[in-house]
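Dropping the structures in below, format is structure tokens.
Two complexes follow with chain A in common, the first pairing it with chain B and the second with chain C.
Entry: the complex of A and B
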């Protein structure tokens, strides 16, 4: 539709020491916060969706600080896809495992562990967190690649 | 055996993840994974259908909770029918999609997720859970529509996304109103609690209006159908067939659930306006959908508008709301899915063989693509409602139900709809068999059915042709068993209306 020869000038990646240092310092804290929120899915406010997004933003920050292409090459396409797959499989196993132990689908209290209902839910929240983090990372790279270059994205 | 119910949703999700992860290691494994998953899915759905048809419904609460709190899955005769239909049609479309594509792993990942969403919508007994599956269905359907090459399918997908999201949001708002009124989300529990709140309550009325209009968008009832022709015409052929056969069908099933399981016949009796709105939607959809179908020149758009009109019949049956009409609605849902899916596949097949996409290009098609032309004609005749085929049985029951209820304007429109359906299919069938091809050269003179053994990869595979022929055969054969099926379904429908 837009055969306009004058394209919007793309904002180039700026190698800013301030951003790089800040990101380097706060990344571990953000990551920990993400896990903290994820672990609070069962009996307090928090959960896999919020925590997963926070963990996903770690990759976004790295991308902004060190360049999106560099970060993408470093992470690769396998890891986000693998995370999503692992999360869904973990969720399904938690559900089907309880059927095999004689309960209903996702009935945590048939698992022979301490506070099974609580920790079962935590486990599922962690799985959801993996899925959300993987999807956020993947979406970020797909959207970024559409604006920074015209390369075909085949994932 | 009731543990099979959650598997109906878990299995396609699992298959989807397997396809996703296997895609990291190897290309082109998605198709095989999808076939395996859907064969098992069909077996599970078939077992459930055999268990519940003519006997008690299976009620299963996820996670071992008790009913109003836990998410309940309900498999009765009607939901088992829809779940089995979803499994069988998605398996059938795979046979076509192997050669016709899209072939990427991502396509099959989304395809299986869509199957999970549709199966979930058909067996859930929880209204919020139904919204979640409605969104899964919607999002995956938008992605599938946009998966074709070129800008046309991308624009169609975007339009579908915008309009579909509005529909789903209205549905969610409706759930919100019902929840404020009653404090529960379980469908069975809602039915009793809504009666206690009182059918005149503005909250209950608003909930009904929002839920029904939200589903009207998803079904593509006339003034809210605008996403549908573009989506069906812009999507790749396999996707058009899959979506036209199942997505609106399951939304129409959801409408039956909402109107009769959640609100119930007493609500309709107490609120004449509700029945009037449903009947008006049905009449307008049938008439205008057919007229728009007659005016189309592109085959796929014509079939899309035909769906608008056919789903008007289903909504009409809901407006009538007696046992005979709803039995007809169930039969017509299944029949329409087979016929419309088959028609889209036949159009895709003809396009691959001859390049013909418009009504005029179909002139003399019988010589160029005998298999595609024959299957299209049989399916078209079945859709018009000529007796042995399933299209006749569904319409007959709906019309009979309308007569029984004394809804004479609806009866007139239902019979007129048969003539209107004839109007847009007759001009195509007439061109196929009684006119000579205007262009002698065509796409490639050797590219006829069955004569391309020398080509390295023929455009049309045996699987594609077999699927189209099978759809035509099934559409006729189902007509013979439909009446018996209707008898088996009667206890379920009576339970729905009590």
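Entry: the complex of A and C
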């Protein structure tokens, strides 16, 4: 089923020590940058959408460096979809919660926490980031798997 | 007034756009498209919209390029060695006509950064700029509008991303697994 990708010159994955080493070094920094953009969207440019894409890019880089099939087997196909659902539910609960506490939808200041508006907003950005990162990762896996399956049919 | 850097960027973006349309090799077209997205991202920064620039750079230049590259792994290169696609003259005429008629509205736009434009004098804009920090405790007014004042709209956007992404994954997975 899984032919060795190095044997196929046309396969999208080429094992390269340069790419693997580079990705291994920069992955933690890119992941941190994604989280930073997500959290720091409140005080500088950025936010959940941008940060989520950057976090999703980490998985794309891992896929390109270590093989998409390997990365998908490592992460699993259900986790990205689960993260997308979790993000929507978290966003919805943040909005419904403020209604239950007597405010309007997403009226953060009814939450009894310090700087509720700021932390509530960062919570919402994190939820958006989960949605976007999950969608980017899931689409990457699905599109890549279609490519490899077609190759196997062709041969 | 337009600076030399901005003029050079605009020329670069136009060249990349034309190259994307004309190049016959799909791989080359995708690379030109990535360069185009990067140029547009820098233009957004020049227009004081770093949030949009960040999105364009990460989605347009980053993720889109990877997804397009994965997609063209299935295609084959056309046999002949021409570098550029033949131009379809009627289609080009329709495109030029559309661009010219849309460009006619450009003269109605206020100058970038004009103090008397509707954007700068609008009541809603000024309310956000004056009250965003006291009411939402965040320094980025864009985030305050997105996540607080217009939070319900953003929730709608998140649900759109959710439905589009999950729908695509279901359809593609069915195509793959049968």
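Note that in this section the second predicted complex is superposed on the first by the 137 of 155 C-alpha atoms of A that agree within 3 Å, B and C clash if a C-alpha of one lies under 4 Å from a C-alpha of the other, contacts with A are read in each partner's own complex, and residues count from 1 in each chain.
Convention: a residue touches a chain if its C-beta (ideal position, glycine included) is under 8 Å from a C-beta of that chain, and two chains touch if they have at least 3 such contacts.
Since this is a predicted model, take the numbers as computed values, not measurements.
Q: Looking at the overlay, does A:108 come into contact with chain B only (first), chain C only (second), both, or neither?
A: both
Q: For A:142, decide between first (touching chain B), second (touching chain C), both and neither.
A: The second partner, chain C, only.
Q: Tell me which partner touches more residues of chain A in the superposed arrangement, chain B or chain C.
A: Counting contacted residues of chain A, the larger count belongs to C.
Q: A:82 contacts which: chain B (first), chain C (second), both, neither?
A: first
Q: Quick check for you: in the superposed arrangement, does A:124 touch first (chain B), second (chain C), both or neither?
A: It touches chain C, and chain B stays clear.
Q: Who does A:50 touch here: chain B (first), chain C (second), both, or neither?
A: The second partner, chain C, only.
Q: Tell me which partner A:15 touches in the superposition: chain B (first), chain C (second), both or neither.
A: neither
Q: With both complexes overlaid on chain A, does A:99 touch chain B (first), chain C (second), both or neither?
A: first
Q: Indicate the residue numbers of chain A shared between its chain B interface and its chain C interface, in ascending order.
A: 81, 84-85, 88, 92, 95, 105-106, 108.
Q: Which residues of chain A touch chain B once you look at their complex with the stated criterion?
A: Chain A residues touching chain B: 1, 78, 81-82, 84-85, 88-89, 92, 95-96, 99, 103-110, 155.
Q: Would you pull the chain B residues touching chain A in the complex into a rising list?
A: So the residues of chain B in touch with chain A come to 3, 6, 10, 13-14, 16-17, 20-21, 23-24, 60-64, 106, 151.
Q: What part of chain C is in contact with chain A in the complex they form?
A: 50-51, 53-55, 58-59, 62-63, 66-67, 69-71, 73-74, 135-140, 142-144, 146-148, 151-152, 154-155, 158-159, 161-162, 164-166, 168-169, 172-173, 175-176
Q: Quick check: in the complex, which residue numbers of chain A touch chain C?
A: These residues of chain A touch chain C: 10-12, 37, 41-47, 49-50, 53-54, 56-57, 60, 64, 81, 84-85, 87-88, 91-92, 95, 105-106, 108, 115, 117-118, 121, 124-125, 127-128, 131-132, 134-136, 138-140, 142-147, 149-151.
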